[in-house]
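When the chains are written out, they are named A, B, C and D in that same order, and each has its own residue count from 1.
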């Protein structure tokens, strides 16, 4: 993979990362926030794969696989927590989850 | 591409030499957590106390190979250097195990009396502990990432363990979301580091980071990677401005879990920071030093100032923990001129901090059993009906404040020492003064609690003596002995000096 | 011979830690056994005192400039801190003072512990305090010194905070924070010093040598030394306390229970001045020369300022507290002169102030005990109602205002004397100005002290107390006071008792400064 | 020479008496008085013995010198036959003082000693102090018998005696300073003896604090001399070095000026004299002992003791004006004019004491050392007699107010009257009583000594003072012993009565001394040059130090000679004063309103009728003027001006103390401290707002922090 192509992938990763961050910050709905997180993690994955290809080593891909697997677990836990919140509050609006402050 | 991958894997794969002795702590612990699950499955609902005992024994059992490895003394390196057993990892593994054991002691009554899922609780605790053990040995980005998630994901669940409690939920979700955001930022940084060096091994990264990789000026990219990765762990140690989750989570989480987060999880963060900074980023102290300087100064100042205003003791301890993290970050600011001193100082501080902070949480737990409140005001007049407990809490608090001859002062001392040695630098001296001023501010809120206990009347007039369950008594005793011993002997500093890395 | 070896090896350690052992013992005695607790506490204090006396008796006074009874053991090796204890002529008087005051305070409190009573806790704190104070005076390793120096904070904090007056919480935390602030900067200085002096030992002697060597080699920047001294100045200066760091003192003294005030005045303040001589001046003589004019200035400001503060007081105890600012000003002036005279005066001043102001606080406590107020306006005619108490007050006031023939004089006069002719490196004109100002301070001292005496002891009792039966001096008070009163007189008549001990060490020091240009 | 060599035992005996009275006094049958009297008797006997032995010591020293000189002359005669005239000149000889010394403390290689330096002035003072102290002890047993603090009183008398005796035989300036303060303490305690009343305790405080002001000077002076004399407090050394010129003139001048302050406060010189009249609040015997005869002369004694320093520092021998003489002169006039308007008999005597102390200081200022000490000596006798006499009267009428409760007392108390009269005559300086001789020497000194022009002005001042003395003392006599009894004195039921023996005997003794002590220094010059050697100038002979530490080694130091004109003049002036006062009080009529216009008319009307027309006129103008506006003005100035300054200095100190405390200490310094505390708390409060509780804002902070930090580091590095 040459430099130019690598840069395009990296740019894509960066854009995805920013979109993810925007989603995380802007969405009220907890589920949407979880989805935005996935975007960020995928941005990382794109970077890893791209770099892996650039270096011609599999380490990047392996890393990406680990990220995917763990992200799955993470989102699982996340959804469980969101579910708990929904049970107790009948809402998944993150702005409401602000009892503790200061 | 997939075929290419398969092919390359097939061609280069050799079964790595697995040193069973080196991995024995992890194996024992894994075994223990399986046993915990099974025991929970097959014991009747009523018979409590078995699961925590098993967990405790499992933790102590894992201690045995740590000790044998320590006695053996040889450094071991596996998986192409991705996983090592050296003095550093052994000292910290021992600390993690001991701290976790104290957390189990703290949890026993709390979990049993609170009608929580006991088996799962200890299972998750041990999982997180396993992650910490791995963290101490990892010298590779992937290993470190896995270890981090292994300790974090169970921690998210534990934080939200009181599932019918709205604050419990809130604690969980805040910790979870912030944790994931931080992980994401960190991962992004890791991907950049990998991209620059083409390897996930710290030793390789160190070379690339220091010299560049011959692909033109990649300095900004390296800087970005370094900063992002460090920020990911700065979150873990609750450094300002990445500390925001800590007070809310600590307050909402079950108190034993809070203790676990405040001590073990934070220590894990520091372990990672030490390894990254001292091995992987050693060539970029021009970034790391100032970054840590800023983070340390910010963290201790903001943490202390906000702690002044807290009325809830757990929340106060949370902010105090933030401030303490600032003190621990301080030596890393001079990593460029005194890397050994910085490492030794942080490890020493971690050991002492674990002892005194766990002790403080233990007393909080005991007192909360009577007062049913975490408000500092409810501690009024404790001295009148529980003088022993008051003295213990006083010891922990003033140790945290850094008053000699209690452990905390030695912790502060090694920080000062690291900052000022071997030559006086402006940055070091100024930060030392900042540390000094901050420790005075910190005294105020610690002393405030002492004031409540010693000098104020009992708010509700209820002077019935406090009943202390055995496990909590054991935890407190262990903590106080260590807190005092660390202060008057060279135990902690000695271990701190001992915890050296395997030479790369 | 065996005895002597044992004493050399263990004497100081035993003396320092016996009170602590007593404190631990007290913890296990049931709270109800009050008599036993008191006896045990006093026993511990006396045991420590007995060991101390044995040590002091075997001290070789002919070579009191040398450290004796030195014990050097490894302690916290990782930070090069060693357990080094030893005494020389500088520490001996202060140790003796501490050994004396502690049991006396206990005896004084014997039957009237301040509210909320609890003699057990009170005595435990007292014993811990004793260990801290004694330890500070014997420590010859900076880290050990620092630890002991700080150990006294906690017990005093609680003593003020729990057993103190109405504003006790404010006063206690103020005391604590202030002192800790100084300590924090001080420890930074200690460390900097450690690295500057070679970085392999915290022993004071080694550090002094290291600094001297580097100074001789000319590769130690003066600014570094001055800054390090500055950190120590904060630590010790707050403890002394020097103007403008004195504001914790009136509050702490006023609010503390009698026993606490006495110990605070008698010994705790001396930790600061002792530290100045033992640590700051000893290790950093060249920086001391640079600082001396400013210390001298603050000292004389303190003398006048403290006196003016006294004149404004309406509370007897607070007045006595403020007078400490003035008196410690004389001590600091003596130190600032950097001469043998001045240093001798300073040490004598420490002891004298300890005895006299300690006594005055005892008296204030007893007055409070009887009249339940210390407001000067409401008092009066003490000499009529309790003549012995009144005359003792008069005696102490005379001692405090520096009447020759009583101990206070020997702290003041030689200090003023020394300011006339300070060390050669210092400006004579400046210090002579200080001398005149300090001399005028003695007038103000006479003013506020006699005014106090007139308003409390002279005249007739105010209407509200006219018919109240006031008990004269009690037995426990006699026991506690007679040694102090006797010492005030004896030291006043035979000052050489102390000068003889302190002089050899301080002469060596004075000669060091005399050699600096 | 056992007694002079062991004279230090004398103060020790007195000190022991103090301790014994303090601890056992109350249990003794006479409440401790017997201890004090016994001790002081022993002291007095020892002092007498010391004096006797000292005389023979001086004589033998002189004899040895004579022998040596004769031998020398004999040798000289062999060479040259011319050896005339020298035999009549006084022989130069040295008298070794008795010394004893112990190490008090040491610092570095400097040793500070305490000890005894006993020479002429010391021996003389021993006699004065022990005699008067003994008499006062005896007198007091009656005078304050039955007082509730009888024992304390005697204890302090003993302590005072010990301190004063220690002071006069001090070996070092430091020891002098110590005793100086101790006598001040005793003065404080005894002035405030009846401290139940606020004025008494006020007076005590004023005395102590005013003296402290002077002590600043003493401390500074002592320190300056210490370093000037190569780190020595030794009085002999300091004097010797001062006289040798080993100490710079500047140092001596500054030291002398500093010490002046101490003299002014202790010896009641203007402007620090104001405590002395107030000190009359103490019991009368105390006033006699402390505030007339002994303690107040400590300043004079100190100057005499360090005369080498003052002589050189103020260039006394060569100048015609110096601080000592000026202050002394002001005090002479000031004190005397103030004495005039007092109603309180003790205050008359107090101001008189101030005035007489002025004479002594003035005498020292002009260089008449012997005259000063001689006047000190005689003054101690007759002034103590006057005070005790006044006490005797007051004891009988229970008041000190001459205008309200006295008058005509001579009928009730003839014996007291006679003694009082004798002492008054001595004070006024009537031939041949004590005051005549001593005052005359002072005046001669002012006339004859000094540099060019001499101190003539001050001789005039001395004469004016003598005149004023005659006036006010006569007035005092009149108001007390003549005229009609008033107030308590007129109380028919309890008529005043003569005092008992214990009061009278001291009075006899003192009045006897007032008669004879003048002859102690009978001049042998001028018209009296025929007086026998063995009887003239004995005081000078025995009590003036002879050695290298006394200015007599200098050429500029000299002794005045008897001048018959001055003697006559002063006597006439004294008599004039008496007669004017006599005319005014005894012969004068009506309310003495001659100062007002219509009374002038009345006086004019009686001009022809009255034989004493001129007398009336002069009395009216001079006495009236002095008694009226001038004295009142001076008194006003004294009370409002000088005393006002002193008092307002106190008030100002308290006020500034309040200001400093409230505004600066609590207002600024403490506020800064507390404010930094609340600032910390406040910023904590503000920082808490970061913690909104909203997880997305937390996240924003996280990402923003990451972005900003990364951005900064990328750009900067």
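Following the convention adopted for this analysis, a residue touches a chain if its C-beta (ideal position, glycine included) is under 8 Å from a C-beta of that chain, and two chains touch if they have at least 3 such contacts.
This one's a predicted model, so the numbers in the text were calculated from it and none came from an experiment.
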{"item": "Remotest chain, chain B as reference, centres from CA atoms", "value": "D"}
{"item": "Chain closest to the middle [Cα centroid of all protein chains]", "value": "C"}
{"item": "Rounded Å distance between chain A and chain B, as computed from the means of their C-alpha atoms", "value": "25"}
{"item": "Chain C and chain D: spacing of chain centres that average the CA atoms, whole Å", "value": "40"}
{"item": "Where chain B and chain C are represented by their mean Cα positions, the distance between them in whole Å", "value": "43"}
{"item": "Between chain B and chain D, centroid-to-centroid distance (C-alpha), Å", "value": "81"}
{"item": "Shared interface positions of chain D, touching two or more other chains", "value": "677, 688, 691, 693, 695, 699, 703"}
{"item": "Residue numbers of chain B (touch at least two other chains)", "value": "173-174, 177, 181, 247-248, 309, 444"}
{"item": "Per-residue overlap in chain A, given as positions that touch at least 2 other chains", "value": "24, 33, 94, 97-102"}
{"item": "Pairs of chains found to touch, sorted by chain label", "value": "A-B, A-D, B-C, B-D, C-D"}
{"item": "Complex contact set, residues of chain D against chain A", "value": "688-689, 691-696, 699-700, 703"}
{"item": "Interfacial residue positions of chain C with respect to chain D in the complex", "value": "174, 177-178, 244, 246-248, 305, 307-313, 322, 340-341, 344, 381, 383-384, 398, 403-405, 409-410, 413-414, 416-417, 420-421, 435-436, 439-440, 442-444, 446-448, 450-451, 454, 457-460, 494-496, 499-500, 503, 506-507, 510"}
{"item": "Interfacial residue positions of chain B with respect to chain D in the complex", "value": "173-174, 177-178, 181-182, 185, 219-220, 223-224, 227-228, 231, 235, 241-242, 244-245, 247-248, 286-287, 290-291, 294, 302, 304-309, 441, 444"}
{"item": "Complex contact set, residues of chain B against chain C", "value": "344, 348, 383, 387, 394, 398, 401, 403-405, 409-410, 412-414, 416-417, 420-424, 429, 432-433, 435-437, 439-440, 443-444, 447-448, 450-451, 454-455, 489-490, 493-494, 496-497"}
{"item": "Sites on chain C touched by chain B in the complex", "value": "75-79, 81, 121, 143, 146-151, 153-154, 157-158, 161-162, 168-169, 172-173, 176-177, 180-181, 184-185, 187-188, 191-192, 194-196, 199, 224"}
